[in-house]
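Both of the next two complexes hold chain A, though its partner changes from chain B to chain C.
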Partner chain A sequence: MLWRDARVRWIGGMLVLLLMVTGLGAWQSARDYGAEVARVTAAERARWLGQDAKNPHSADHYGLWVFRPSSPLAIFDPGTEPYTGRMVRIEAHLFNDAVYRAVQDAGPFDRAGLSDVSDVVGLVVPLVALLLGFAAFAADRERGTLRLALGNGAPPGPLFAARFTALTLVLAVLVCLPLLTLGGVAIASLGTAGWQAWPRLLVWVAVQALYGAVFLLIAMIASLLARTARGALTISLAIWIALCLVAPRLATAGMEMVSPAPSYRETRLRIDGDLRPHKSAEASDARAQATLARYGVSDQQELPVDLRGLIMVENDHHAFAVYDRELGAFFAALAARDAAFGWAGLLSPRVALQRVSEGLAGTDFVQHAHFVWSAEAYRRAISERMNAEIRDNPQRDGRAMLAGPELWREIPPFAFAPLPLSRSLAEIRVPALLLGLWLALLAAGSIPLIRRLAP
Partner chain B sequence: MAVEPVLALGRVVKQFGGRTALSGLDLTLRAGEVYALLGPNGAGKTTTINLILGFLKADAGEVRVCRIDAGTDPIAARARTAYIPEQVALYPGQSGLENLRYFATLAGLAIDRAEAETHLAAAGLAPEAWSRPASGYSKGMRQKVGIAIALARKTRLLLLDEPTSGLDPSAAAAFSGTVRAAAERGTAVLMATHDLYRVREMADRVGVLAGGRVAEEIDPRRYAHTDLERLYIARLSGAVT
Partner chain C sequence: MSQSRFLPLLRTELRLILRERLTWAILAALQVALCLGGHTGAQRVAGERAAIAQASDDAARSLRDAKEAAARYAVPRAMTVNYWQDPTHAFGYMHYFLAAYAVKPPTPLAVLSAGQSEIQPAVMKTSFGFSTVFEDTAYELGSSAALRLGPFDLAFVLIYLVPLAVIAIAGTRLAAEQDAGILRLIAAQPVHPRIVAGAKFGAAALILVAAVIGGTALALALAGWRDLPPGWATTLALLAAALCAYVVLWVAACALAASLWRGAVASLTILVLTWACVTVVLPALLGLAVDKLAPPPSRIAAIDASRQVQDAFYRGDEAAKVTAAWLTARLPGTTDRPDLRETPQINRLARDAFYETTLAPYRAGMQARAEGAAAWSARLALLSPATTLALTLDTAAGTDAARHAAFLASASEYRRSLRAFFEPRILAQELRPAAVCAGCPARLDFDAYDAVPRFPTVIAADAARWQAALSALTLWGVALALAGLAFRRFAIWSV
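And then the complex of A and B:
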């Protein structure tokens, strides 16, 4: 019966079209990015392996680029990816920032405000749910059919449940089918290594359906309360504005007031302040003298190891400790803000959905931080290996140590292992529970209204 | 042993703001009985029906349908009641047949097409209209689908709010027959109406509603139409003065 309603066909058709156009556009970009990453990664590997014979420390400075492989579900929700960068330059001594932020390449469509599928789901799906549900009882009340139905024994509870189920099914078909189709295409055509893509897709789509059901319930409650369909629509739209437009801004502003973001510039200044004294000529001389004393020799030629290599190992270990302390604290503070933002889901289901969506899509800040530290671990492994090669092959009489392809081949390609789905689920447990709580509270709130349903 | 009444209203009071609609209404209706509630506009006829259906809650007194308190358990009370409102509203995009089956489904009844056609025929809707969209129905045709819905429910109590309003004379006569047939099957019928002519034809008892209560009960068969009308006007005047 619902499919015979032209309103449902038009609204549904437009939603499916919007989801498909947005999703296919994102899929095309992801495919291009994946191909580009594969090409540049192969070129970088060839460049690394094709180095001339040189001192291992020069090779460490020669460096290479590593890339963050995108989750296939990034076509739905790019999350923090456009803002955090997806490639890092690996080189001696430096914990570099991730660069290549997609927003730098954003076109006019991206700036229009509905640039990705998660935006469409976050804003348009609630609107569709409200348009489907606002008339559920109010139109019957206005037309007079509710009086005839209730007066002839239609029980309000089952009537409400049947209509909610029917509308939920319609909404689920309109939302889930395009999303599952797009997700399937993305998984089949994009790199999925380590992403547990199918379980992520199924949970992600289920959450979007749950989100739609929350707004459907809101519309049906408005329909129970309002005397006319127009009144129900007005109430529904006011709630949509409050929950989908106002609340997210309030949540963001509130978070900035309660827990301002730590300053990255100040963090970097502290790191420089810690590293600079350690790298001075005086400090290096002091460490060289201490090393000679530790080995009980007076000349570095008498050392069983290469002094320069040994000092570089010590310097790097000091830098690693500084990075761990300062950037570790910086990333931990941002992650804590993200976790706290999950509680802002109390303000609006859209805020809860945003955190849940990017977590399941594998594009949240936690995955970004994991990538940054994975790249840093790779950088440290290269530095450690190069330093060890120098340290363990002492050169006499001012000769410089040279290494060749055998050493370069010892360094494996960068392999990023994303955080598993179980970790993502743990990260999003608060906003996910809040989303469920919204549905549960609305369902509970509707019960007395259903019992009192009258024409 | 006394037969349990199908409908019992005892000392029912209902006020809207400062206005008293019902002020101690007593009314009892047994199986197979047709009771007509007569009264001018605003006398409280529709309020009485809304109280029986549980759409309104009485400020005092009790309303029982088959011993069920309609105030505290309106859903159970309505499950035993069929109801034809003054303005029968149907889903305009559906045919009369589809409307009948849909409303029956909402009430938890599954009726097949043949059964639905039987009820539509009994209600007097012409067969050529059964499959036409209800958007093209006249008020009388919609009323007949409402009657078919009520008949399909086979309940112990039938409530009619101005049932013959909008029906042409032949349809109204047929409707009278349908109501009497339902009563003969044991259905208790309460109808709120102005139609004195049909009241005399259908009702076993007539209650004149005035001042928020039944001012007088009349046996309509004891009076000719004109006498009944004169009596009704006199009772209303008496209630007012």
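And then the complex of A and C:
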């Protein structure tokens, strides 16, 4: 019956078209990005290995760029990726930011609301569910057919369950089939190493279907409550606006008031403030003198190690400690704030879905922070090796130490291992539970209404 | 339309609408939303001002540090100061001490819209190194969850929620009466449908315009917004005109939907779907169009180019050749000074210039793209009333893409002006080194700290004024066209 309804065909067709167009566009961009990153990563590795003989500290400054690989499910939900850089310059002394965020190159309209598949699911799927479900009982009531059905002994409970199941199946087909198709294409054609892509895809699609079911239930409850189809539609649309448009923005405003974001700028200024006195000319001179005293010599030529290398090791260790303390606290605060945002899922299932979706897609802030710290660990490993080479090979009479390909080859390529799915599931447990809670509460709320169903 | 019948009907409709509880509930909710939007806007502006003040403090601190270090190092003592940490060395000051910032201050109407301010930096520290390819690397790493959902600012309330309030109040006028069968009774009266429709939708428009303009003014006042500098009053008046047009436009859309005589359900469905198309779907399509018309160049390709030039510089004797050529171009008479080519600071200036020249096309391409995207966005924005108003509010708030593109260009120009300030001084010190004193850690005599150029901050009111005028004209044009269409369709009753 439902498939024969022209309204269902039109709505379904538009939804599938929107999902496919958005998804295929994102897939094409992901392919291009992946290919470009692979090419430049290989070129960077070749440049690193092919450096001329030079002082290891110069090589440390020469450095290289590393790039964050995208999860294949980023074509559905890019999550934090557009707002956080995916390219990091690895070089001596500096914990550089991940830079060049996609959003800074986007036009002013790109945040309008339908820029990716997760936006379409977040905004349009609820609308489709509401348009499918609002007339479930209200239209029958208006036409008088509900009186006939109930009069003929049709029990309200099974009647409701049958309609809800039928509509859920229609919605599931409209949502899940295109998503599974797109996901399969992405997994088959994009890099999936370490991403546990299939389990992520299946859970991700199931969550989207669950989200659609929440709104279907809302529409059917509106249909039970309203005396006319007009009333049911008005209630449904008002709820869509409230839950999908207003509540998410209210959540951002509320979060800013309750728990203001820590300031990255201030964190960086504090780091500068900590590092500056340590690297001043006076402090450097004092450390050099202390080192000579520690070894019981008066001239650096008499040291068993290279003074410059030793001081660089000490300086870097000081900087590492400052970075760990300040940026560690900053990233932890931001991750905690994002986690707290999960509780805003109480305001709207869309907010809960966003957190769950990006977590499952592997594009949440925790994955970004993991990438940033992985890149920093790689940078430190390079600096430590280069500094050790200088420290352990003292040069006399002002000669500069030169190293060659043997040393460059000791540095392995940067390899990023994403956090496993189990960790992602742990991160999203609160919003996932809230999404389930929405469904459970709506189902529970519908029971007395079904019992009181009157023509 | 007979004025004698219209005015009493209008008064009656005004009374009826104002007597409805739903009207007051919607207007109260809208007022709360406007006040919340004003509050978040005020918080954001305060944050921007704090960031600019911090940058200013940091610049002052660096200047103070340099002066104090110069004084300390001007006294004979047994201590070694590296040339790159020596404030009396122009190169040392430029690379170690100098903290120069390019800043984009908020405009007097900044509270209206967050626009691009959440994602584009308003404060950029000038960097002379060659580790960054483009200058716009700085950003406030904040909550991506909040960025994705978008801010609850005044622009959001005015662009998205005001039309919904209009639809809620005016969307079922006539259509609800048609559904209830009252329309037949009205049609039986000796009154033209245009007069009835005009009175009903005119009353709704009057109430909504007053509520939106008054509510916005109240929200601004509660957000602590008081003074308006000279030149901005006209912009504000034009903005109010644009906002009125936006409200009237949606009331006219309600009238047009009612004129289809399909009942309240159809009217509401049509209006909400139209709203979704105008505020969500069309802007998304326009975003795609802007990306096609002004495609962003690849940042990764530029990174690759930067690495190629770095690799080339350090390969073989390329560095020596580049430095010699750079030095000859600037100081033609120094061929008898091969020692100059060996100095690390000259070598570094030559390297940076070499790097700059190679990357110039990439940087110009990115700048052209930023300007192109802003220009296309401004043109295409006129295709949707929502984007028209959004662009107007962003421009008035100074958070639009065009202002940011101009800011990036100014920041680049500022960096070049700083280099132009320091380069001749560094070269002069290398040619004729003049020590401060014998036995002092300070090597040379650079002390022009206060003469270092400062970033020229500009807040131009013209762009905001012109955009507001264009927006008001466009929106009034669309509103009148829709009203005209509805007027034509209300020629006869359809009952």
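One rule holds for everything that comes next: the second predicted complex is superposed on the first by the 450 of 455 C-alpha atoms of A that agree within 3 Å, B and C clash if a C-alpha of one lies under 4 Å from a C-alpha of the other, contacts with A are read in each partner's own complex, and residues count from 1 in each chain.
Operating definition for what follows: contacts are C-beta pairs under 8 Å (C-beta built on N, C-alpha and C of every residue); 3 or more make two chains touch, one makes a residue touch a chain.
Given the structure is predicted, the values throughout are model-derived calculations rather than measurements.
**Q** Overlaying on chain A: chain B and chain C, fit or clash?
**A** Fit - chain B and chain C, as placed by superposing on chain A, sit side by side.
**Q** Report for A:Leu171: first if it touches chain B alone, second if chain C alone, otherwise both or neither.
**A** In the superposition, A:Leu171 contacts neither chain B nor chain C.
**Q** According to the stated criteria, A:Arg143 is in contact with first (chain B), second (chain C), both, or neither; which is it?
**A** Touch partner of A:Arg143: chain B, not chain C.
**Q** Is A:Phe341 in contact with chain B, with chain C, with both, or with neither (first, second, both, neither)?
**A** Second partner only.
**Q** State whether A:Ile241 touches chain B only (first), chain C only (second), both chains, or neither.
**A** It touches chain C, and chain B stays clear.
**Q** Touching A:Pro156 in the superposition: chain B (first), chain C (second), both, neither?
**A** A:Pro156 contacts chain B only, not chain C.
**Q** Put chain A at the vertex: what angle do the Cα centres of chain B and chain C make there, to the nearest 10 degrees?
**A** In the superposed arrangement it comes to 100 degrees.
**Q** So, A:Ala454: does it touch chain B (first), chain C (second), both, or neither?
**A** First partner only.
**Q** Residues of chain A touched by chain B versus by chain C: which partner has the larger set?
**A** Looking at chain A, the partner in contact with more of its residues is C.
**Q** Taking the superposition on A as described, I'd like to know which of chain B and chain C A:Leu210 touches: first, second, both or neither.
**A** Neither chain B nor chain C is touched by A:Leu210.
**Q** Just how close are chain B and chain C at their nearest CA atoms in the overlay, in Å?
**A** Least C-alpha distance after superposition: 20 Å.
**Q** Show me the residue ranges of chain C that touch chain A in the complex, using the header's touch definition.
**A** That would be residues 33, 36, 40, 43, 51, 54, 58, 65, 69, 73, 79-82, 85-86, 115-116, 119-120, 123, 131-132, 134, 136-152, 156, 160-161, 164, 168, 179, 263-265, 268-269, 272, 276, 279-281, 283-284, 286-287, 290-291, 294, 296, 298-301, 303-304, 307, 310-311, 314-316, 369, 373-374, 376-377, 380-381, 387, 390-391, 394, 400-401, 441 of chain C.
**Q** Per the contact definition, I'd like the list of chain A residues that touch chain C in the complex.
**A** Those in contact with chain C are residues 33, 36-37, 39-40, 43-44, 47, 50-52, 54, 58, 62-65, 67, 79-80, 83-85, 87, 89, 91, 94, 96-97, 99-101, 103-115, 123, 127, 228-230, 233-234, 237-238, 241, 245-246, 248-253, 255-256, 261, 263-266, 269, 276, 280-282, 284-285, 334, 337-338, 341, 351, 354-355, 365, 368.
**Q** Which residues, counting only chain A, touch chain B once they are in their complex?
**A** Against chain B, the touching part of chain A is residues 1, 4, 143-145, 147-159, 454-455.
**Q** For chain B, which residues count as touching chain A in their complex?
**A** On the chain B side, the touching residues are 53, 55-56, 75, 78-83, 85, 87-91, 93, 102-103, 106-108, 146, 149-150, 153, 155, 159.
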